[in-house]
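The two complexes that follow have chain A in common; it is paired with chain B in the first and with chain C in the second.
Coming up: the complex of A and B.
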């Protein structure tokens, strides 16, 4: 990157290090941190949306929809963790290809599962065989996001379901006394008031979500774990201009520090948010705040 | 090949006994159930030992975090923060590479880079940190009256801890500790996906499940089998911990026994 980096073997000390840390692969490593943040930024609202949908479904008066909502919460939460991630990435991929196959090639005769193979027609492949590399990467990443959203959505649904029920009964009754319809009561009274009850659960979920991001590696995305393993492993002078021994321990130390800092910052921010949300609420914490003020 | 024969060949495959080669094609349901079940041996091994050793360290950590001594309190808090604030997955990787480099300096560390010892140590420290936080919370919520009653009886020091504080702490912490135990067992599935090699393909249940999913390209059979095993394991844990819970609360009126609320958690 720097001008003096033309002949790395001749460099020493800080100059060598500055060149080493700015190679193309290291830039990819740094941008992988962006991938993790991007995943969090997309997954958190998506999971919240799944959760909101799930919680609403679990509360509805229409029985089949309610069973669906409750079943979603129970099944996803009961099945062991990473098994779900490994399962869903393949299952979603095959499910999507199967649907496209049915639509695009209706007169395909052979069975789709032939022994150990899963065969759909060329037009149904996702992404298409001739599409550029970035499409494959975006597709892989979207599958990972969807998997995260489904799994964490079930957890969010459970939290929101509890929070909706925690809104004081008197508030709902007052709304009914004013002649609001159930829909109005839900959107104008329950939803604005439930957040303070949901926040402890949601912030816990956010912490778990942060700590689940390294599993992107298992879903086949080139994330920070992938690059840390790749860059840290021993390099010989034959293949690289920057030979070094096994440095994976230092790379993973960096990741460890990154996650510790990230969770710590989140903790502080969420505590502030909680203090802001409890202001003026009819809860113990809100009452305590009023007295000290 | 009959199913009984398969069980003989692969029942203890995860420990290295029986057939050397894994099945390569024409996978039967029996083979999948047997091999994944054989992998469960490792999950149970990691879970049981990490829980047992972790319990002792966790008690020390909980007490340490509640200690008056500044140095003890700070170091216990930092330990807990370190292991609760970072992903277990990264801890496994870090631990593995740490043990690999230690191995070059001292032959003492030869066994540490193998999963049976290295991963167990990481899991042990991790669960100790989570449990320590639970115990710390329980220590904070011991009713004031209990401790005052102990003082009034003239109990001090060790006997006060042994007879009053410790049993009450356990009683209060037990429901949360049960959850921790359940998801420690779930966390054991990460071991063979995080650097620790499965030598001669001796892996845990998830290792074999993903082996079958990769070979057959059909996730709809091995993963539900795995889920079934884990649900079974969870039920066993609930039964055992529930019995302990009843024992801990045996002096209280039935209605006061804290309900065991099951909250399934995700990866840490």
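Coming up: the complex of A and C.
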């Protein structure tokens, strides 16, 4: 990166370090932090949407929809994350390819499953075999987001389901007395008041989600833990300009600091959010807030 | 929230349809990127090593457009059969067990030795704890030898287990161990007898991909004939490495 980096073995001290820390590989490591943050930024709202949908379905009066909602919560919460990640993503990927195969290659004769091979015609591949690497990466990333959203959505659904039921019965009764329809009661009374009950559970989920991002590597997305392990392992002089011993502990220390700092910032933000949501609520905290004000 | 969900979905799908028109075949080569000198990521984060050189030349001779992707060793075969890439070039030895699931081209590295490396020459390799990479022929050999097998996901981890004292010795391809032992400046030494395992290293392909197999086989034959493979073996594995006659 810098001009003096042409001959790394001749460098020492800070100059060496500045060159070492700006190799292409390190750049990939730094951008992986962006990948993780991006994943969280997209997954959190998506999971919340799944959770909201699941909670609404679980408490509806329409029986089939209610079974669907309750089934979703029960099944996804019960299956270990890793099993879900390995099974679901491959099944989803193959399912999509199967559908496209049926549409695009109707006159294909050979069976799709040949032993352990899964074979669809070239035009049905997702992404297409000839698409550039970044398309494959975006596709893998999207699958990761979807899987995370479904898994964490199930937990969020359970939290929101409980929160909806925790809204004081008196509030609902009053709404009914005013002549609101069930729909109006739900959107005007239940939803605005449930967040204060949901937030402790949701903040737990958020913390777990932050720490679950290393599962990304299972899905072929190169995340920070992957790079830290690769960069930190001992390097012999024949294969790198920057040989060093086993430095994994330093790299993992960086990750430790990153995750701790990130969860700390989250805590602060969540505390503020909690204070804001408590305002005017018929809870102990809301009452305390009213008295000090 | 809606726009985020929408853009997530749009991203996933527009990407897949964007290049639906062109039909030039790209062959995706899967490797591990953590097993020098066979394959590793260089300082720029790109795949490098003996297999990069061989793979690029093979693609040129077979007139294919190739793209390198990395995948964890553990799931390298399942991801091939489910079609995430088209070939495995990752120092994978040809064994009967693997041939039940995938096909191999002829070997592009002749059968070579596997060795034990340890902190001292009198390490107990028959009854002690031996580190090996999961799912390798070396791990299979240790399991049968009577020693206690300690498996790790990557080659680097097996070395770290020996230097930290967790394992008595590591068992791996000798060609991979040589640079590691040299760089340890005397800390690690070879111990015990070398062992001959496997039928050389070949390119792993889906059983249904016979056309690609023929192309690669032909290209490997031509590279063996004009000595390019031998030159590359000497370049990456040193003058003492086993070459083709």
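Throughout what follows, the second predicted complex is superposed on the first by the 293 of 293 C-alpha atoms of A that agree within 3 Å, B and C clash if a C-alpha of one lies under 4 Å from a C-alpha of the other, contacts with A are read in each partner's own complex, and residues count from 1 in each chain.
Note that in this section a contact is a pair of C-beta atoms (placed from the backbone, for glycine too) under 8 Å apart; a residue touches a chain by one contact, two chains touch by 3 or more.
Bear in mind the structure is a predicted one, so any value in this text is a computation, not a measurement.
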Partners on chain A (chain B, chain C) - clash or fit: clash
Chain B versus chain C as contact partner of A:246, first or second or both or neither: both
Residues of chain A touched, compared between chain B and chain C (which is higher): C
Touching partner for A:151 - first (chain B), second (chain C), both, neither: first
First, second, both or neither for A:133, with chain B first and chain C second: second
Which superposed partner A:292 touches (first chain B, second chain C, both, neither): neither
Which superposed partner A:213 touches (first chain B, second chain C, both, neither): first
Chain B versus chain C as contact partner of A:109, first or second or both or neither: neither
Which of chain B and chain C A:259 touches, first, second, both or neither: first
Which of chain B and chain C A:10 touches, first, second, both or neither: neither
Set of chain A residues, in rising order, touched by both chain B and chain C: 90, 94, 115-118, 217, 229, 246, 248
Footprint of chain B on chain A - complex, ascending: 77-83, 86-87, 90-91, 94, 113, 115-118, 151-152, 155, 208, 210-215, 217-218, 225, 228-229, 232, 246, 248-249, 252-253, 255-256, 259-260, 263-264
Contacting residues of chain C [partner chain A, same complex]: 1, 4-5, 8-9, 11-12, 15-16, 18-20, 22-28, 33-34, 36-37, 40-46, 48-49, 65, 67, 69-72, 78-79, 81-84, 86, 101, 154, 156-157, 159-160, 163, 179-180, 182-183, 206-208
Sites on chain B touched by chain A in the complex: 25, 81-82, 85-91, 93-94, 97-98, 100-101, 183, 186-187, 189-190, 193, 206, 209-210, 213, 215-220, 223, 226-227, 230-231, 264-268
Interfacial residue positions of chain A with respect to chain C in the complex: 23-25, 27-28, 42, 45-46, 48-49, 90, 93-94, 97, 110, 114-120, 122-123, 125-133, 135-136, 138-139, 142-143, 145-146, 217, 220, 222, 229-230, 233-234, 236-243, 246, 248
